[in-house]
Structures are given as C-alpha cells and as structure tokens.
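In this document, chain identifiers A, B, C and D correspond to the written order of the chains, with residue numbering beginning at 1 in each.
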C-alpha cells in the first residue's frame, strides 16, 4: 500500500533538491570510509557486522537493482555483483552468505569506487524522472542507515584488535557533568502515532493510527554511565531478580559484567580507549541490560508510543553524525534532552506491525516487514545517525541481545 | 500490585468449592499419568519438555514452597526436592538443570505419589485459611497448565520412538467434513481488554485497559488440514516470499516441509499415527508457519486484542480436556466456532506487558513477567486444556518457533 | 581373514562348555540389571552411554541378527527391533539414532526380557552347530563388553542425579595404604605381539607379529589417587606445559580440575559418594590427563607393545567383575601388580591396525576396524570387566577425551 | 635431548651458507606475498588458516623471540607483537586468539615489512654466532613450513570468493596422460627409521630407530583424478562400507561428494578454476577419503615406515615450490614416481612419538610434541613445499579431516 510511485506534480520542485541530496549522501559514505585502510575496509568482525567496502557496494547495488536494472540501455557494472552485494532480497536472487562478506578481498576498493561512479553517473540521468522519485528517496535513506552501520561495524572490528585503533585519532571533549534528571509528565489520552504527510517515511511507520495512552512520566535525559555504574556496583549483573529470563541466561552464558566496550573504568570509543566519563549517556547496552537497569531503578522503559507522543512536540535536533563527535555527549540542561541523537533509546515495545500495515511494493517489500518478530523498537537516532535521516515516527529495531549500536536507556514510569 | 492476599469476606463461601476444586485438579493430574509406564513417566525428549513425573512433583512443590514452607510445623517431605523440582524460581534457590530433568530416575513414581499425598494432607488443613486462598487458586491454575504440558510433552516423547506408541489406544472419530469458512465483522472502536472481576486471573492479564481497534473481520473457524495442504502443495515451504526472515531461516535449517507430526499424508496423535483428516484444524504449527500461511492466503493473523474483543461475547465452551478427545475436531457449523478449545490460536501480538502491569508479589513474581520478550501470544485453549482453566482474557505465550503445543491458525483481515 | 567359521573337529569338546558359558554370560547381564528400577534401565545420560535395557536388547539382537536370522524357520521376535537395537552395523540397516536410545520407553523391560528368552531358546538349539561356534564366541565376548558398559553407563547416569544414588548400597572396604611404587625392567628386543592360539580373540588383536622394543622400565602398580592429588596440588590443571595441545584446550573449555566424579576430597562410586581414598588407583582419567600426569612426573606412558611384552608373562588374574567390588582396590604388594583388573591402562599407542590386519568376515567386519582412527589403546581390563573376557593381547580403545570408563594410569620410562 | 646448541667447530664453514640461506628463505616469503593485495593478505577464511601478513609477521617473531629477545642490546620492534604474532607457544605468553587473526587490519603490510627489516638487520649480526646456528636453522625451516601454508591458506580464501580469483593468472600446462600404475616390491625386514647425520631435522624425526616390516608392495605413482573419479562414480561417497566410522559421519554431516575444490568436472587451483585433468594426482583429499579410496580399490595406505623404507633410497627431487607450477603434475613414467613433491601422501600411521622421543629444549619444545595425538602422518612434500625443506625422514601431520593441504593418495598392499 505505501506506494513507491509518485505523481509528477507532487514533486515538481523536488528535483534540484534531490540531486543535491543524492550527491551529499553518496559523498558522505565515501568520506566516512576514507580514514580507513584497504584492510580496515575489508574486515568483518561478526556475522551481524559488514565490511566498510561492502556497505559502499551494497548501497550502490540497491540503486542499480531497484532503479537502474529495469531501465533500457543500462549496462550492469559487473554481473557478479548482483549476488555479492545483495543483502537479503530473496525475491531478487540468492544473496552471498552474510557471515562470509569479510572473505571478499576482491573486488578491491578501487573497483568498488569505480562501481559507485558508474552507478552515480547512470543515476544522475534518471533523477528527474518522477517515477523513480520515491525509490531514490528510499535508496538515500537506505544508504544513510548503512552510514551508521559502517561506523558501528568498524568500531566493533577495531575493538577486537588488541591494538585498539582509533577511527578518529583526536581527543574527545571533557565535559564531566550531566544535568540533573527530572521527570516530564504526559497526560496520556488518544494519540496519533506514525508518519504523516508527504515526506519520506519507511513503510513500518505507517499507517498513522490512534493509540490510547495512560498518563506517564518520562525522564528528562538518558541514563548516564555514572548512574549505570551504580547498578553494576549494586551487583546488577549478579542478581537475577532484575532480569528478563532470556537476558539472565545470556548474562550467564556470555559472562557479561558491563556494557560492551567497557573494561575496568575505561570505554572503547571511535576515538580509541579512554577513561569512563560518568556524565556521558551509557551506550552499547542491550535491551536486556536496559530493562534490568530500569527494574533496578524502580522504573520502566517507555513504550514506543509514549516516546513518540513526547517526541512529536520537539524539533528534530541533537548530537547527530553532522556534529562530528561520533560519541554521545553529556546532557547539558533543558526540559527534555537527548530525545534525538546521542543514543538510540530502547523502548518496551516489540517490533510488531502497525494496524493496517502494508509493506512497500516490489522488491522493497522485503525491507522491513519480514523482520517483524523477535526484535525490539528503538527510537530517536544516535551520534552516528545522519540528521536528515531522523523523524519522530522513525522505528529502528534490533534483537534484544544486540549491543554494538549506540543504544542507550531512557526511563519512564506510570503516574 | 495484583495481590495474592485476599480479605476474609471476599471468599467466605469459597472454601467448600476450593476443597472440591483442589481435589479435582490434583486427582486429574494423577489420572492423566496413569496410562503411562514408569519409563514413560521418566523420559524427557527435549529441553522444552519435562517428564510426566516431574510435572507431578513440580506442581506439588509449588504448593509446598509457596504455601506450606512458611507455616509453623510443616515438615518438608525431602529437602532435596527444593532443588530437584524448582522450575525457574531463582529467588527461591538454584533449580536443577532444565535439560537434565529426564536423568532423574530417582525418586521413583511411588515416592512422588507419596510426596503428593504428604503435601495434599498438609494442604487440606490450610485450605480454609483466607490468607492462602489466592495462592491456592494460583497453584491450581499452575497445575492445570502442567496437565496440558504433560500431554503435549508425552506426545512429543512418543513421536520420537519409532514404535510410535499411542497414549490413548482407542480410535479417533471419523467426521471428515468441516463447516464452510465465513468472515465475522467487528466494528473496532475503544475496547476494554484484560481480566475483570474477582475471579482468578494471572498477573499478565491485568490491568484491564482500553485499546483502540480498527474495523476487522475474523474467520468463523480454524484453518483446516486440508486448507493447509493447499499451502504445502503450492510450494509454501519452498517460497521465501511468504515467510518472516527468522522463520525462513528456520525452515531451511530444520528442513521443515509440514507441521510437526505430519509424515506423508498421516499425522501422529495421542491416539497413534493415522491418516490425515483434511477436515480437522491444523495443529502443531509454529507462529512462523501460521504467519506464512496467512500471508499465502492473502490474510493476516488477528492481534490478541481483536481476538479478545470477539471472544468476550462468547461463552467459554468447546473441545477441552474434559471432552476426552485429546485431539482437535472438525468445525461443525455455527457463527463463530472453535474460539475456545481445539487449538491455541497464534496471534500477531508479541507478548508485551499491559500498560500498568505489575507482577504478582513474592516468589510468584517470576511466574509470567520475566518471559515478556521474544514470545508470541496464543489465545483460546486447546483440546488438552482443562475447561475451568480458560478465560477470554487468558494469554498463553510461546516462542515463535515452538510447535509441540496444540497450536493452530485463525485468519483475520482489515475491513 | 580371521574367519568366524570353524571346522567341526576344532571344537568337538567345546559344545558343553559353550552351553554353560552361554548361560553364564546371559544370566550375568540380567543379574547386573536387576538392582535397577525400570526408570534406571531406560535412562541415557549422554550420547556415548546407553540405557541398561538397550544393552540387554542389543546384545540379544546381535545373536539374533548374526546367527539366527539366516537360519530356516527362525521367526524374529519383533521386526522393529532390527532398527531399534542395531548399534552401528550399516551393512545390516539404518540404526536408530545413538543419542536417542534413552527415548525408547517402549519396549518395556518385560518385553525385553521376553525377547531375551525368545532368542535364548532359539540359540540353545543351534549351539551344537560347529558352523556358528565362532560367532557364538564373538556374541558372548560382545555381551561381556556390554556388561562393563552397562555398569559404567549407569554410574554416569547416577552421577548426574543430585541424589547420587548408589548402584550397590554396601560400604566399600577401607584399605588405606598402597604398596610402594617400584620399577620393573625389560630388556626390549624382538617381541611377538598379538593373539596366538585357537582361543577366541577379536580381529584387532591379529595377526601376531614381531615388534622391536628398546629397553624400558614399567611401574609396579597403578598411579594412586594420592599421587594424582600431588599433580593437582602442584597446579597440574593450570599449567599448560604438561599437556598435549588438544588436552589443554579441553581442560580450558570444560574447566576440568580433577578426574571425573571427584568433588572436593570425595569421589562418586557405584557404592555412592565417599571420601577420597588416596591409596586407591586413580580412575576416570582421560588419556590427556594420564599423559599430563606422566609428563609432570617426569615419566611417560608405556606403549601397548611394552605393556603386552610385560603382561604376557603374567597370569590373567586381578580385581575383575567377579570380585564383585565394582571399584579398583589399593595395590597390596608384589612384583608387578594390577596389570589385569582394577583399571584400564591408557597406553601411548594410537589405535592403528596391526600389519596384515583383516577385519572379521560378514557383518562383524564393522566390529573393530572402522574405529581405527582418533582413538588410543587401553590394556588390562578393570574392576568391571568379566575375568574370562580378558587376554594379554586384548586391545580396548577409546577417544583420548573419554573419562567415564574405569581408566587409570601406569607409568613407564626409557632405560 | 635433540639439543639446539652446537659447538663452534661443527659449523665452521657453515656461516656463509647460513647467511645466503637466511636471505633466500626470507626473500622467498616476501616474493610469495607480493602478488596479493592488502586485503588478500589480511583475510582468514577459517580458524585453521592464517592471513598472509600474519605468516610474514609470525615467522619474523619466531626469530625475534627465540634468538634476539635474550641478546643484549636488542630492542623489540613493537612490544604488542609478542602477543599478536605468537602462534601457540604458551611458555612464552598468551597468544592472540587463533580464530581472530583475520581481524588484525593493523598493523598494515608496510609495518610488517618494516618489522621484517628490523629483525633481518639484527639477525644478520648474529648469524656468525655458533650458539644460535641450530635455532636459525629451525627458524628457517619454520618459515618454509609457513611458505607452504601461505599458499594453501590463500587458495582456501580465494575459493570462498564467488569471483574465484587466481593467485597465478597464467594457464596450467596441459599434459593429459599419466604413466601406468605399477607395484614396487619391498622385502621388509629390520629397517632403520628416522633422521640420521648432522643436518637439520625436526625433533619428531628422532631418534633414529629400528622397525620390523613385513614384505609389501607400494604403488609406483599417486592416485590420479581419473582413478578417483571411478570411486565417486561407483557411489564412493554414498556407501558406508568403505569408510572409517568418523569419516562416514563427516561425509554425512558435511555432505561431501568429492575432494575439496571439485565442482562438477572442474577443480579450483591457484591458477583459478579449470576443467578436471584426469591424469593429475588427486589432491585436497582428507585422510578419511584416502582410506576409503584405498578400501574401495582393495588396497590400503602405506605406513609411514614403509614409505620411508622406500623413500630413503631415492634422491629428494620432484615437483616442489621451485618448479613454480603450484599444482601437482601427471606422472611421466619411471620406476617410483612422485614420492617427493606433487602431493603430501597420507599414511596409515597415527602421529605417535618415536621410541625415545625428546622434544627440542627451551620454547621450541612446544613445536611438535604437543600435537602428538589425533593426527595422521603425511610424507614427501608437495608442489608448494620448498625443495631444500624436504627429507625422507620428514613427518608432516594433520587431522584426518583436513583437506586444504595438497594431500594425495598412494596405495600399498601386503605381499
């Protein structure tokens, strides 16, 4: 139902914008890869992560396959790429094994940059075709998602190297206090949830629909490393009473004693390892840890509907990728902070379809819908999210055990 | 918040009923075990299943530990049992390893029946104490859950034996037609969901709260084996387009080609193996299969709220354990059939807490809440559910991959 | 080449002996099972172990399948048994899954005893047929192997039950000193190795052949628990320098800190748990532990040829199954003790074929030869081995990681 | 006992030779890496394999750690390397995780080449010190082993890339006939086995000792792909009767239907994929496949003693690394061919210590001895083995399941 076709009139003034936006997004990906060596761009440190150069190629394949492939006269760059750089689109073909993306030493970076140029050139000639407008928008948002993954994936890879290389060798700033935690009340009631208006949104944000909420309070900022340290020091990782059953089993099996990237009182960042800053938001927590922390604190996580009800009143601004900090920053003070940027916020909502949900048409139907089981919703974006990629209705989702994203915690409670 | 204490007045007339109910439930468990040999009662065919005699002992331990242990003068039957027959209550102690329940050849059946007698005698002297009323109710509903598991677990164990023994050697009846599928409309709107009134309910059914529903249609009966065969014969297990991503991965890994217990055109039942009856409801489907079937059929599964909105108007009657059929029966005709009994119905709802949810107090707090992640809700009870155990607000939950319950499919669609 | 056919003359006086031996072996198996309940006889605690009643049935199947099946007029007891009780004879059919033997709650014990009677009756009518003499011998030695396994398998199963039941509830004797360790010299030279003469031997003990040995010394008795404790207390399980690489990896992965069945200063025996007797031979050690101990002690393990060179001079006597002790006993003094009985002795010899080795003919060809890779040879028999089952040339074999047999350590060194 | 120290006299003329040999070996490694890109040199396609640049660094670390580290005035290149490039020497420290060598995107190739230069410079100043002569020899033979692994590891990595890159893009020669298979007799008797003389040998080739052999015949050449095809076409991979039990289990689990790198009638080589040449020796067979083939052919594999008895009479010449073919070549005719070079030959001998075996002294004690369990011996070297690395007494060893080496089959039989 959310059609990816668009009528000509609806985007008549959009073309110059689209061209500019296309160029910006595409060059941003390449800029993010530039500090990395050929080896860095090839490595895959776990099946969930992908190599940098695979991100560069896959996002290009997405445009080639969904837009260019069906157009007269388009010559594919290399017929093998349809297999190598398909992620999970089974309606298109059999993707290369996810866990073996890191074995693709060939094609090398130069070939992949040539692939990008080849596709960019072809794309520029179709950007003024209104029929592809929505697919281009989708491709650009898709590429922005992979920009964030490129960063979280290389962070994971670097963390597995005993040398602990820094993606960004500069020092992180030294604000060491966070604003006082306060509670913002919401009266609940009938709330409209989901995307509205002509701008781009993923299918999973639609259709907009009404939801009934009870009154609740939401924390004015994210949980800090210092607050999370209190949980750890109170035996949080040794006391099953705070944990969901699956989470406790995972803590036991993996011997977790802190969020990912913590060691003693230090954390590994994209700027290398550095002392724990207690004022910063805790990140790289799984949903299980977020829920256990909330239980320990006598609170709970907000639902995705509560989060959106509060977020819709705010302007979409915060510590995003363009701030070029690549790490969450301490809350500085204000009524309701860090709702956008800094850290994705785990919600107490499973990733279920909205009532009346219909996937995108065509191959993009596999984009979101087929993952709607066993995942939890996260909201708000992080320090690695491009700012024009974010919306109040944006639904990110990960397995409750995932920790390699910039995932943090905001508390809520019933009134 | 859902207190398990009760004031004296609220249940003044309940005691004789409670005694009668206690006796009925307890003797029913033993009657269900009686057709089984000592070896049958000891076996555990997978970590998810438990031995019959473990069910008999664990349900007894539940009364002993939650009610008797704290009372003056009660002498535990055997101090080891607190470890052996604790299922997952970490606030009480360290349970014996779940996957090794089948290694407990000792204590033998006679000892476990003696344990049951010991506890029953002690329990009879406390049933008139109003302070324990709610805990006794909980213990009885707990034991009824295990009655159903006893049957589905032994069915699984017998299915792994090439001799394919029958739990119930008698023939299954031979109705071979099902009523025509029709669609029942519901206008949606603001619906009250969850348990209401003074009768027993689990904590996960509360608090009662309003939910907004869109108009929808729901199928008049369960999907039949014949209809499901259409899905199989149309390549259902070979076509990824119908499946959730995790489901498709499971189909590939486990080489599923049909629901559990199907082989060629036969199915294994508690009455032994017999030819597929196309009129019967399909059971032993996972959530993934239910969702894939619905997608293939151009429909969807109902949410648990839609199901409850429809079910609340109906009387709780159907093919339950007391019908003594131990298998779902073909739909006979009527406006809305098989909502209760026959088969648990997978819903398109993740098992999330209701707004304002509070677990039971005390050790029973671990009963439901800690499983609220990664599971899907099923509704309505099955042919193995005791009838007085069921309510419209009852929320059962299993992993989306689980197939050894009598889990079936009812379709729905948007209007 | 080792033919299982025999000429009439060669065994003319053997028939009465054979009948007596057949009866003795068959009744011994049943006597070993008798102290066990129906549940005990059904349980399988790991894939390497088998249920008691499976041992009773499989040994019976062996006679039925290799001797009776091809004879005119024999009526199989139950056609399913050919699948259920085949262990690994792929030339005969597809055996039931090894790891699922414990799920066979049916047939029950009474049926299996009836099966034994049925086959025994048929067997008695063929024992005087010279053509089957060697196969009967093979079947009896096969059954004796399973008698030992029956005991070590139930010991393992009981050890997994927190109640730690005793197979034999009586007390173990209390000798608490062992004889002083001395070293017996052997000059080496050309030694004949392997089975000689007309009596029964397995194919893997043949052909007899000459081997060159260097001079060596061998310990006068087995390593005691007290000596092994010295290894543990010297950090044996924490110091990689003593271990083979695979052994060290296993120690790390399984967190081994002592032989199987040790806990603090107690050991679990077929008589239940009891304090460690430092004078007893250490048993339930893996090959890796035996080799690490020898390295720590500055010695080595003997090769199987060295062991046999020494053993061939001795009479086959010791603490075997008929001593009815079911546990190794401290060495009492003498030139060369415990070579037979008490504990199987790990040798520094891989289980390779002897030069000129030919497997038995027919289905029995799968008996030994197909396991000749990745296993180590053990010699001498244990307290659970029937005495008339043992020979100096007898080659037992297990994976170097196996610990559930009565496997112990004898040291050797070069001169 | 095999001392790695040497007296001054014993190698007075050896120094110039040693310097030349040092330079040759070291530059050969770098030449082998040169055709590979930075990404190629970083990838690890399975835990058994290592990245090219890791081979370059580890062989360098071996000289640094065993020779330079203890010398006055030596400054280690980078203190982290002691952890990163230690393979398995636990007496030296904790090696970096074997399975994560491919995650070391840093240090990059330039740093590793600088490391090599740094160590080479320091080494050149110590090569005339007689005390290090034997350790240098060990280090050079060690590096030669890694030259072969470098090639087999990159072959495996390239085979996992759907693009199937060629290490050497040139065409393979087209000889398509092999010499006729003949049988060479050996009378057996007392044979001296093991290394003799002052030249370098690994500890595992010593001490030289006498072994008794029966008369036997050995095939005049390796088994060809064409002959192996006969096994496949006769159902070799579907008929358990030919297989060792563990091998059959592996065939089933891994769904093997041919040697590694075969697909339909093509094979993947270091020159890329090309049609099967039936005249070439079959390679990339596991021991299980070699033994199954031999059984199917009615023959057996030779023992390592039989192989050495025959090989000792021959000059060490054949298709080695210096032939620069990088693939085995068809046998051309001659009495006894391909004993050296072309393919490592699986023997029917477990990798057990020779009588009187003593490991090297010092850290090199971990070189060979700790792997003497669970492995099979291979003899003769392959097309990837440097020629001056080979000896008749050379014992290579791999797990019976390993297939990524150039491992082939030579048959033998009893007379």
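Note that a residue touches a chain if its C-beta (ideal position, glycine included) is under 8 Å from a C-beta of that chain, and two chains touch if they have at least 3 such contacts.
In this text, all values refer to a predicted model and were calculated from it rather than measured experimentally.
Enquirer: Spelling it out: a chain qualifies if it touches subunit A and also touches subunit B; which chains qualify?
Expert: Output, common partners of subunit A and subunit B: nil, no chain qualifies.
Enquirer: Taking each chain's centre as the mean of its Cα atoms, which chain lies farthest from subunit C?
Expert: A
Enquirer: So, what's the distance in Å between the C-alpha centres of subunit D and subunit C?
Expert: 37
Enquirer: Can you give the whole-Å distance between the Cα centres of subunit B and subunit D?
Expert: 59
Enquirer: Calculate how many whole Å lie between the centre of subunit B and the centre of subunit C, each centre taken as the average of the chain's C-alpha atoms.
Expert: Taking the average C-alpha coordinate of subunit B and of subunit C, the gap between them is 47 Å.
Enquirer: Enumerate the residues of subunit D that touch no fewer than two other chains.
Expert: In subunit D, no residue touches at least two other chains, as defined above.
Enquirer: Between which chains does touch occur?
Expert: A-B, A-D, B-C, C-D
Enquirer: In their complex, what parts of subunit A are in touch with subunit D?
Expert: By the definition above, subunit A touches subunit D via 37-43, 45, 80, 83-84, 96, 100, 102-109, 157, 160-163, 165.
Enquirer: Which residues of subunit B touch subunit A in the complex?
Expert: Where subunit B meets subunit A, its residues are 88, 90-91, 190, 209-214, 240-241, 243-248, 287-288, 291, 303, 348-353, 355-356, 370-374, 376, 400, 414.
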